[in-house]
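Next come the structures, one after another.
The following pair of complexes shares a single chain, chain A, combined with chain B in the former and chain C in the latter.
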Partner chain A sequence: MKRIHRFQRPPRILSAAAAGGKEERRGPHGEEFDFCSPNDLFGVQTWEMAEGEMARASLSFALKKAGIRAEEISLLFAGDLQNQCVASSEGLCSVGAPFVGVFGACSTMAEGLALASLAISGSSQVSLAAVLTSSHNCAAERQFRTPLEYGSQRTPTAQWTATAAGSVLLTGEENPKKTGWGPGGRCPQISEVVFGKMVNGGITDAANMGAAMAPSAADTLLTYFRESGRTPADFELILTGDLGKEGSALLSLLMAREGFYLQEKHVDCGMLLYDPEKQDVHCGASGCGCIASLLSCHFLPRMARGELHNILAVGTGALMNPSLIQQGGSITGIAHLVHLEVR
Partner chain B sequence: MQNKQEYLALTEKRAARSPVLRDCFFAFVIGGLICLAGQGLRSLYLALGIEERPAMTLVTVTLIFLAALFTGLGLFDDLARIAGAGTLVPVTGFSNAVVSPALDTKSEGMILGVGSKIFTVAGPVLLFGTLAGALYGVLYYLYGVIFV
Partner chain C sequence: MKRIHRFQRPPRILSAAAAGGKEERRGPHGEEFDFCSPNDLFGVQTWEMAEGEMARASLSFALKKAGIRAEEISLLFAGDLQNQCVASSEGLCSVGAPFVGVFGACSTMAEGLALASLAISGSSQVSLAAVLTSSHNCAAERQFRTPLEYGSQRTPTAQWTATAAGSVLLTGEENPKKTGWGPGGRCPQISEVVFGKMVNGGITDAANMGAAMAPSAADTLLTYFRESGRTPADFELILTGDLGKEGSALLSLLMAREGFYLQEKHVDCGMLLYDPEKQDVHCGASGCGCIASLLSCHFLPRMARGELHNILAVGTGALMNPSLIQQGGSITGIAHLVHLEVR
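For the complex of A and B:
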């Protein structure tokens, strides 16, 4: 069974934008975010609603940059970490676009991009697809872990859920007239996608998500390299979502055992979002807003400017449920791959 | 991935351990300072002419209040991140365990939010604390009947 979906007419990314919170603004890429809320509330009263506002803000900025109206969106793929993906439905209802809710924990951005690419290549009705995901530290922590102000010590392998959202607009047109990349900007394309298999490494520690996701990331990357005949050396970057310091080290180890050496090609968004020296985030960032925001505000713009040409983006998710963990269950990992190119 | 057992062993071996000595040091110092503050409060209340027993109750109440206040100001968790058991073990930890879910669930209303979720963290302590108290009461009664 072949697993790589290769597109005859690859979908183009014509715009992207990111929104974040105050910790994200303080991070190394803070200045690149299109909008950051100074108090993480985005002008509303609760964290749950704030996440919806943040998601909507990122989409608004992506549309505005390209000069596109929300009514032109033929399909909107969105997801988040809250129960019933309520940030997406709460925040995006007013957009008025046909909505496809997606859940792949923190792999949702890659999953959405892959699904949107399939939709664009498979249906002539889909002229413009929007993909966005978000995560909010305050909404996620109280749902998955402990109350926000609860005083406890986190273990060294713990990660910090990012307050961030990223929106990407995709089209099937080869040379889209309106783009958000400015004069001379080139639209990155999605050449290939791989949907990952779920892999359960038996991890039961919810404070070690990196270890729970690393086997699935390795599985998807190995599948891609073996089937395509390529190696890490063929790419400028191999980007992962939120493996963090621990998960990244485990991924390198698992890949090296199979003869694929990622070395400095591998970059994890979870390790880029915050400054480990100044921000107390232990193993780095996590959450589906992590890769979504950094793709949207850093990596895709760099591709559009011609600084990067050929990268793999792997969204990594820990399909974690707090009740199941308490019942003695373990955390299943998932990773989807998107091959981005500028030609 | 070859083998679940092998992978688990690998991740457990790799995973960085909490810095136990440092954690113990800060727990001792900060927890000790909280106790010292309690002692100071006791002396203060006694100096104000309050009797021994009500003074002790006042000390507890004051510490509970201060922990609740600092939780509300968003400072308690910052201190607890360093102090660990130093803030958890004294009565301050219990206060924080009750106030923090209350703050979180305030947006869901007084009844279904705060009312039903205020003890999500402290609930086990209350339940088993009460049970242990009742059990001790029974044992104390039996001891009285049999030996006295």
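For the complex of A and C:
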């Protein structure tokens, strides 16, 4: 069975934007974010609702940059890490767009981009799709591990859930009139997608997401390389979501064992969002918002400016459920792949 | 903006199956279920894992009836009510299919059918899509409200979360060779879909899901009738997911106010699953598994046998999050519509 979905008329990305918190502003890409909240609260009272506000802010910026109104969105794909994906429903209800809730943990941005691409190809009604995801450090930590106020010590393999959101707008038009890329900016296209299979490597440690996700990232990348006949050398970058230091090392090993050497082509967003010298985040960043924000404020703009032309973006998710972990279960990983090109 | 997605080559439903628990077996449609667990545990130790087993069982039966192997699934759409949709990931990891996690609370089956239809239309690679969702009374009650052992008294508007799962298999082939409908059985097709908008009617009572969902069901149905120019009289049935007694009455009122009289055309799965005389479930059934199981074991088979030809199925979801309710928030509803026909 063929696993790569290749688009005859690839959807175009016409705008993107990112919002973040105060740690994200302090990071190496802080200045590229469209908006950062100085206290992570985005003007509301709780971390959970703050994430919703941040999600909506990122969408508003993506729309504004392209001069598009929210009413023009044909389908809005969104999901997040909170139980029942409530940041998306709370934050986006007032947008008033037809809503498709998705859940792929930290693979949600890649899953949403892949689904939106299929939807644009499958229905002439989908003229504008928006894909959005978010995570909030304070909301996620108290839900998945312990409330920050508890002051629990973090283990060496722990990652720091990003307070960040990213929004991407897609269209089926080959040359969209309105874009958010500025004069001369070129719209990146989604040429191919691969939906990942779930892989469970038996990891039971909620503070080692990297190891839980690495096998699924390897599975999806191997599927893509073998079916397409391509190798890492054919791409400028192979971007992963939030494997962090531990998970990235494991991915390299798993790929090398099968004869694919990622080497310097591999860049993990979890290792880019914070400065390891100045920000004590152990194994790096994690969370849906990690790859979503860096794609939106860094990689897609670089493609639009012509600095990058051909990359693979692999969203990696740990489908971790606290009840199941308490019952002795392990963490299942999943990774979806999106092939981005500027031609 | 047009909201109805109409398919040039409508996807066909080639098989479906349902699994349930002991209360579901006692209900009016109990004998139609493919499998029911006499103790709701499906051979495992916890309610959460039991839901995963039930989900996989329903998929296995749908595949078996059509003589199809799990390896033939091109895309598996699934989601459930548990946090991080863990019943789906836990239950379906071993199926080994490319996995698309969706979350629409109890609208998940309709959302999945709609997405799978777009995917089949959008990629020639999707030869077989599976859509699956589940809910488990004991897992859901302790997550959303209180553990059953607490013995909390149920209010008059409360509904009973169904212990049930339904799986549906779809293909883009016009005349699939292998089906689960038996000799002479005709494959129902998905002619049109509408993705709903989120609607928040301000309901803050976690024991009144019907009222939280009714406004979104009305919004989606009104959108469909106005855009298509059709009326309730054009359909044999207008099926809703799990509005229950309270929500169904509200839907009728909301529709009548706009000049659309549902009357006896409206059938709510929440009011069919249990016998109100013998089973004390207050306002009826709820949960993802409610419409999923009754579609799979009752309505789709009736269509395949030629007893029904033209129905609307509206999955209704309450995107309810306990943390948000505790913080004074209200419950957002969503409803997705699928137009099913046999020709």
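Convention: the second predicted complex is superposed on the first by the 343 of 343 C-alpha atoms of A that agree within 3 Å, B and C clash if a C-alpha of one lies under 4 Å from a C-alpha of the other, contacts with A are read in each partner's own complex, and residues count from 1 in each chain.
To be clear about the criterion, contacts are C-beta pairs under 8 Å (C-beta built on N, C-alpha and C of every residue); 3 or more make two chains touch, one makes a residue touch a chain.
This one's a predicted model, so the numbers in the text were calculated from it and none came from an experiment.
Colleague: Quick check for you: in the superposed arrangement, does A:Thr46 touch first (chain B), second (chain C), both or neither?
Modeller: A:Thr46 sits against chain B and chain C alike.
Colleague: Tell me which partner A:Asp280 touches in the superposition: chain B (first), chain C (second), both or neither.
Modeller: In the superposition, A:Asp280 touches chain B alone.
Colleague: Once chain A of both complexes is superposed, is A:Tyr261 in touch with chain B (first), chain C (second), both, or neither?
Modeller: In the superposition, A:Tyr261 contacts neither chain B nor chain C.
Colleague: I'd like to know which partner A:Gly202 touches here: chain B for first, chain C for second, both or neither.
Modeller: It touches chain B, and chain C stays clear.
Colleague: In the overlay, work out which of chain B or chain C sits against more residues of chain A.
Modeller: C
Colleague: Would you sort A:Ala249 into first (chain B), second (chain C), both or neither based on which partner it touches?
Modeller: In the superposition, A:Ala249 contacts chain B only.
Colleague: Check the residue A:Ala211 against both partner chains and state whether it touches chain B (first), chain C (second), both, or neither.
Modeller: first
Colleague: Touching A:Phe35 in the superposition: chain B (first), chain C (second), both, neither?
Modeller: neither
Colleague: Pick one for A:Thr157: touches chain B only (first), chain C only (second), both, or neither.
Modeller: Only chain B is touched by A:Thr157; chain C is not.
Colleague: In the superposed view, which residues of chain A touch chain B and also chain C?
Modeller: Shared contact residues on chain A (touching chain B in one complex, chain C in the other): 45-46, 48, 199-200.
Colleague: Help me check something: in the complex, which residues belonging to chain C touch chain A?
Modeller: Contacts found on chain C: 1-5, 7, 45-46, 48-49, 71-72, 74-75, 79, 82-86, 89-90, 92-93, 96-105, 111, 115, 117-123, 125-127, 143, 194-200, 319-324, 327, 329, 332, 334.
Colleague: Could you pull out which chain B residues touch chain A in their complex?
Modeller: Those in contact with chain A are residues 1, 4-5, 7-8, 10-11, 14-19, 23, 71-72, 74, 76-77, 79-81, 83-84, 87-88, 93, 96-97, 99-101, 103-104, 107, 120-121.
Colleague: For a test of understanding, state which residues of chain A touch chain B in their complex under the given definition.
Modeller: 45-48, 142, 146-157, 199-203, 205, 208, 211, 215, 218-219, 246, 249-250, 253-254, 280
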